[in-house]
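What follows is a set of structures for review.
Look for subunit A in each of the two complexes below; its partner is subunit B in the first and subunit C in the second.
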Partner chain A sequence: MQKSLHIDPNKCTGCLQCEMACSWEKYQSFTTAKSRLKVFSFHHEGRFVPYTCTQCDEAWCVIACPVDAIRLDPVTGAKIVLEPTCVGCKVCTIACPFGTINYVAQTGKVQKCDLCDGAPACAKACPTAAITYVDSDWTGLDKMRQWAGKTDTNPATV
Partner chain B sequence: MRHLIIGSGPAGVVAAETLRKADPAAEITLLCGEAGPPYSRMAIPYLLKGDIAEQGTHLRKEVDHYDRLRIRLVTGRATAVDTQARTVSLGQGAPLPFDRLLIATGSRPSLERVPGIDLPGVRSCWTLDDAKAILDQARPGTRIVQMGAGFVGCIIMEGLLSRGVDLTILVRSGYMVRRMMNATASGLLRSWCEAKGVKILTHTQPTGIASEGGSLQVTLKDGRILPADIYLSAVGVDPNLDFLQGSGIEVAQGIVVDANLQSSVPGVYAAGDVAEATDCLTGKRQLNAIQPNAVEQGRIAALNMAGRPARFKGSFVFNVLTTLGLVSSSFGEWQGVAGGESCEVLDERRYRYLNLQFDGDRLIGANTVGFTDHVGALRGLIEGRVRLGAWKHRLVEDPTLIMQAYLAAAHSVA
Partner chain C sequence: MAWTKNVLRVNLEAGTCTSEPLNLQWAQDYLGQRGLATKYFVSETDPKVDPFSPKNKLLFVTGPLTGTMAATGGRYSVITKGPLTGAIACSNSGGYFGAELKFAGWDLVIFEGASPKPVYLSITDGQAELLDAAHLWGKTVWETEEIIKKQHQDPQIRVASIGRAGENKVLYAGIVNDLHRAAGRSGVGAVMGSKNLKAVAVRGTRTDAYRLADPEAFFATTEAGKKVLAANGVTGQGLPTYGTQVLMNVINELGALPTRNHRDVQFEGAMAIGGEAMHEKRPTDGKANLVTNGACFGCTIACGRISRMDPGHFSVKDKPQYHGASGGVEYEAAWALGAANGVSDLEALTYANFLCNEDGFDPISFGATVGAAMELYDLGILTREQIGFELPFGSTEGMVKLAELTAKGEGFGKEIGLGSKRLCAKYGRPELSMTVKGQEFPAYDGRGLQGMGLAYATSNRGACHLRGYMVSPEVLGIPVKMEPQATEGKPAMLKAFQDLTAVVDSSGLCLFTTFAWGLSDIQPQIQAACEGDWSEERLLLVGERIWNMEREYNLAAGLTCKDDNLPPRLMKEAAKTGPQKGAVSKLDIMLPEYYQVRGWTKEGVPTADTRKRLGV
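Let's turn to the complex of A and B:
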């Protein structure tokens, strides 16, 4: 069975170990700004919400790409950006309604979570198990609900 | 079942692939109006810049992609559709028969009507052949006078300048990319381009183009004459519909389609730039000439053609544009609606701008300049008609909190 990242914002303390791990895994530098997973802080509520691509079934990014630069990894189910093919047009960044594929000015290409070949560095690094890598068979919407830890998500958003 | 698709742009190619998945036994023919493998017009700016070779513009990279999916590619232009006999003529040779037809012929440049527009040095930048012709001719110092600073006019500038050409842009209104940007965003683009050495003449247009001694003379409204090696017309596009005359297929601005993307003739569908479908924000039928819309419509039309009812939920216009390195984007009703509210932040010096438009507590449109992070959430919020509740006021105070607002309002995480 394929696995997916499961996020429980209730357990997140905002320590940013995941962002550091992601940036180290992909760029060999501890630069949270480069992380493909982001922890959003909600100051009013005192909450932290880790968030990244859910590898959704609809894969808007994949079908919008004009040069076929985002491919499906059949083993992990991840949608992976092929950097040499990407022309940096950014159409995927506005097609993904979750805001989880982003342009990187330094490379002129986009980046997104690729599940680290089935061993996501963020999940390994999270000290509170707010991010785990678990068996899944749910669809994009279900993943989103899972993400949110709630079931009253506005279905019209997916 | 014989499926025929006219046009091998993104709409046609995605439709052919979807048909194959949905109907393994079907006969699928893709009529390509241009020579060579199907390509994406969107990749042209990167070909001009030299970032990619021609192969990099191809919609699919594996050489045997279409063979493997048993999609038959035929090169030719449709000249007429006979909806009674259910055939498409190519002007020569035997007509192509179909049981189901998809029209995905996209659009073509709408040339301004001025004397001399048919001269050899006058070009557009819409097809791969156009781009190759420009590349052949553009050398350091080549004088290009470009009419129009819309989306395409802006996105090709970097490629042109990378060739060292001398670029002058004529803008009829006062205002660049006026179909997708408000005055503030447009003004930022203009000063950015001027700072990079592009000459921009506003409130002007050519009254005639003449050929003299191997170069062109472009006469402007105010009588000025600009010498040019290339006159580049980039004033907009019109859907490719000519060959539908007499077919009985209903046409307004584009091919009129219902929620299944079927035209007025049963079994005949349309998708992409050529289709006039419902806009999910205004509820009105309109053309929507953007790539994400083309692929989505190609997919939905194909499902219906394969007998799997699928509804097109409607689309809206959203676009991301890079003008000489400055990234801007435009979503939905960026002009706002009557009775709506808006908020914005502007940092002129750093070319950063964000404008949000609301209707009640829903986001309905946005313009951004210099912001690229998580912009997809703007689509999520607008298309999902997400009620922002208390987050609307927080956004009004700080429009940059888009992603937080999205997570809180659309996914109830905070």
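Let's turn to the complex of A and C:
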């Protein structure tokens, strides 16, 4: 079964454990600036929103790459940057509609979420289950359950 | 090792920024953050220095666990000589600023001298420069952060700055980072203002800033620690749901909620301003004051309050800039802005709290000073003509008006900005100031909780709940239950709390973890991060060393055992109502014993043996 990252912003507190976990996974450092997932704070709305690559099926980044440096992992469905092939041209960063693939000056390559080989560190680190890793066919299950709970088939009994 | 080993020395007079290696022996002796920076501070400054003299220094410091995945590992501290107290000032803040400073590669930033014109420090990893802040002077904290981010075209910069309160040297001005987290107490922001330093802006992107001593052990122990926090009733449920405001009704029912400048110990309006009230839907707009809870960097507790005001409330009716969500009232702020002056309008408290964040002043000292002014007004010592408006106890409008005036130093706000001690002395009634060493009490009555009274009297930075939180044993039963009115065993318990707190404050962790964590939970996290052998015994010795170092500094600054005192009201006027009715502080019984367990003389001076044992 393929899985997807599922993000519920309502549960996020902005602690950035996910960003540290991401950075540790790839850099062995907690430097949040290196995270491939970002938590945005909309302070005046009182909202925190984690955001990262959704692993598009027909991925703009893959199509745009002139050197075929972004490949599909058939098991996880992740689009993975092959660093030795990447030439750092940044065309993918322009092509991605969501901004979730970015250049890293330190390496001269681009980076994006690769689902950590099927065990995403961000989801493991999240203390509030705002980020989970679930059946990719059923990312809507929680919302369905919430609405299902509001369904009343016998409204006459007031 | 978990230190970056780099110190940034900023000479504001010469306009220079230089890097120097961290004194690693001091890191081993004082751990980091509070302990380490205080060691630098006391070694480099004259204890008799005027807090506003360019010769006073201002230090920003992180801990070894700051910027790590240890739960709550994001704290930083600011150390200086405090203008409110004339004692050591050490204020601790969360938010994201501390971790960013660490990722930029700095354990410590030392500001010396004073700049001839307004400047701000801009740090990007290893590069640091002082930049002109003429366009920022006169701006609020909120405006300053926005302008700096726009100017540098970098929304990821973290900013710690002073508002107009710091610029105008309000004696309890704080330093605010990330819009609503603050190194709030003791006037560290006023010292920053005296140096013409408006802000510190940091961007940290280094992956080699520091190294964990044992990553595998670190993940094992920090994950175990997170489980303990999640399973604990206070850190797992009470704090995320109600914030520190979980305490309002508890402390009120216990009869230890100082009310109307400590005239009373219970507040009839407590229910309306507590944690539960923040969840209730307002009749006016159908929305609750609380929008959500928020975390500081790395924190899995998330006690922070994010509030939105009723846009129709009189205080913000025509001020759309306050209609969005921002940092809501914590317990201490709600108490000081509310119970301490008899105001029970939660929306007004939220507004005043927004102003404290926006312009950088401590809501505890501000609210308590307003309470003192209200008592002076009640006694006819202060008049409407002097203040400019009526100021009886319970005046919501008066409290709000003073919150608007104080940071700007306008009207009677200028006098409120002096703090309670100077205000009461100026009008000939020094005994009405509810302070220790010049700093206002926080939200627990020293008559109702005997241990807290002792904690206030002996705190090195003046009255403070964060130097030895005796509420834990006296109310919550952590680690053991002690009866509020008992004195037996409290001096020793307080010493243990003070020493442990000094360790936590020096580690990069938040003190609130200690509702759930004991030293045995904290020690392995420090051990895994830091090189060397960090046994529990050694850590407690470090804590005790820090406490005594601060004490020695205060003694050298001219403070004596006479300053380990409480206002006469707490010693003579008995609690009028509630379970602690009839109680006065028994400080006179506890203090000599406290000196004894500390290894101090009867005059409160560390003995030669104590000094030798601690290597101070």
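Criterion: the second predicted complex is superposed on the first by the 137 of 158 C-alpha atoms of A that agree within 3 Å, B and C clash if a C-alpha of one lies under 4 Å from a C-alpha of the other, contacts with A are read in each partner's own complex, and residues count from 1 in each chain.
Everything below uses one rule, namely that a contact is a pair of C-beta atoms (placed from the backbone, for glycine too) under 8 Å apart; a residue touches a chain by one contact, two chains touch by 3 or more.
Treat the numbers as computed from the prediction; the structure is a model and nothing was measured.
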Kindly classify A:68 by the partners it touches after superposition: subunit B alone (first), subunit C alone (second), both, or neither?
first
Quick one: is A:16 in contact with subunit B, with subunit C, with both, or with neither? Answer first, second, both or neither.
second
Touched partner set for A:27, first subunit B, second subunit C, both or neither
second
Just checking: does A:130 make contact with subunit B only, subunit C only, both, or neither of them? Give me first, second, both or neither.
neither
Could you say whether A:49 touches subunit B, subunit C, both of them, or neither, answering first, second, both or neither?
first
Per residue count on subunit A, the busier partner among subunit B and subunit C is B
What is the contact status of A:99 with respect to subunit B (first) and subunit C (second): first, second, both, or neither?
first
Partner chain(s) touched by A:89 [first = subunit B, second = subunit C, both, neither]
first
Per the definitions at the top, what is the overlap between the subunit A residues touching subunit B and those touching subunit C?
45, 47
Complex contact set, residues of subunit A against subunit B
9, 38, 40, 42, 45, 47, 49, 51, 60, 63-64, 66-68, 85, 87-91, 93-103, 105, 144, 147-150, 152-154, 156-158
Subunit A residues within the subunit C interface of the complex:
13-17, 20-21, 23-24, 27-34, 43-48, 106, 125, 127-128
Across the complex, what residues on subunit B touch subunit A?
10, 14, 40-43, 45-46, 51-52, 56-61, 291-292, 295-296, 299, 318-320, 322, 327, 329, 331, 372-381, 383-387, 402-404, 406-414
Spell out the residues on subunit C that touch subunit A in their complex, using ranges where they run on.
67-69, 71, 96, 99, 103, 156, 179, 203-209, 215, 226, 230, 240, 291-300, 302, 306-308, 324-326
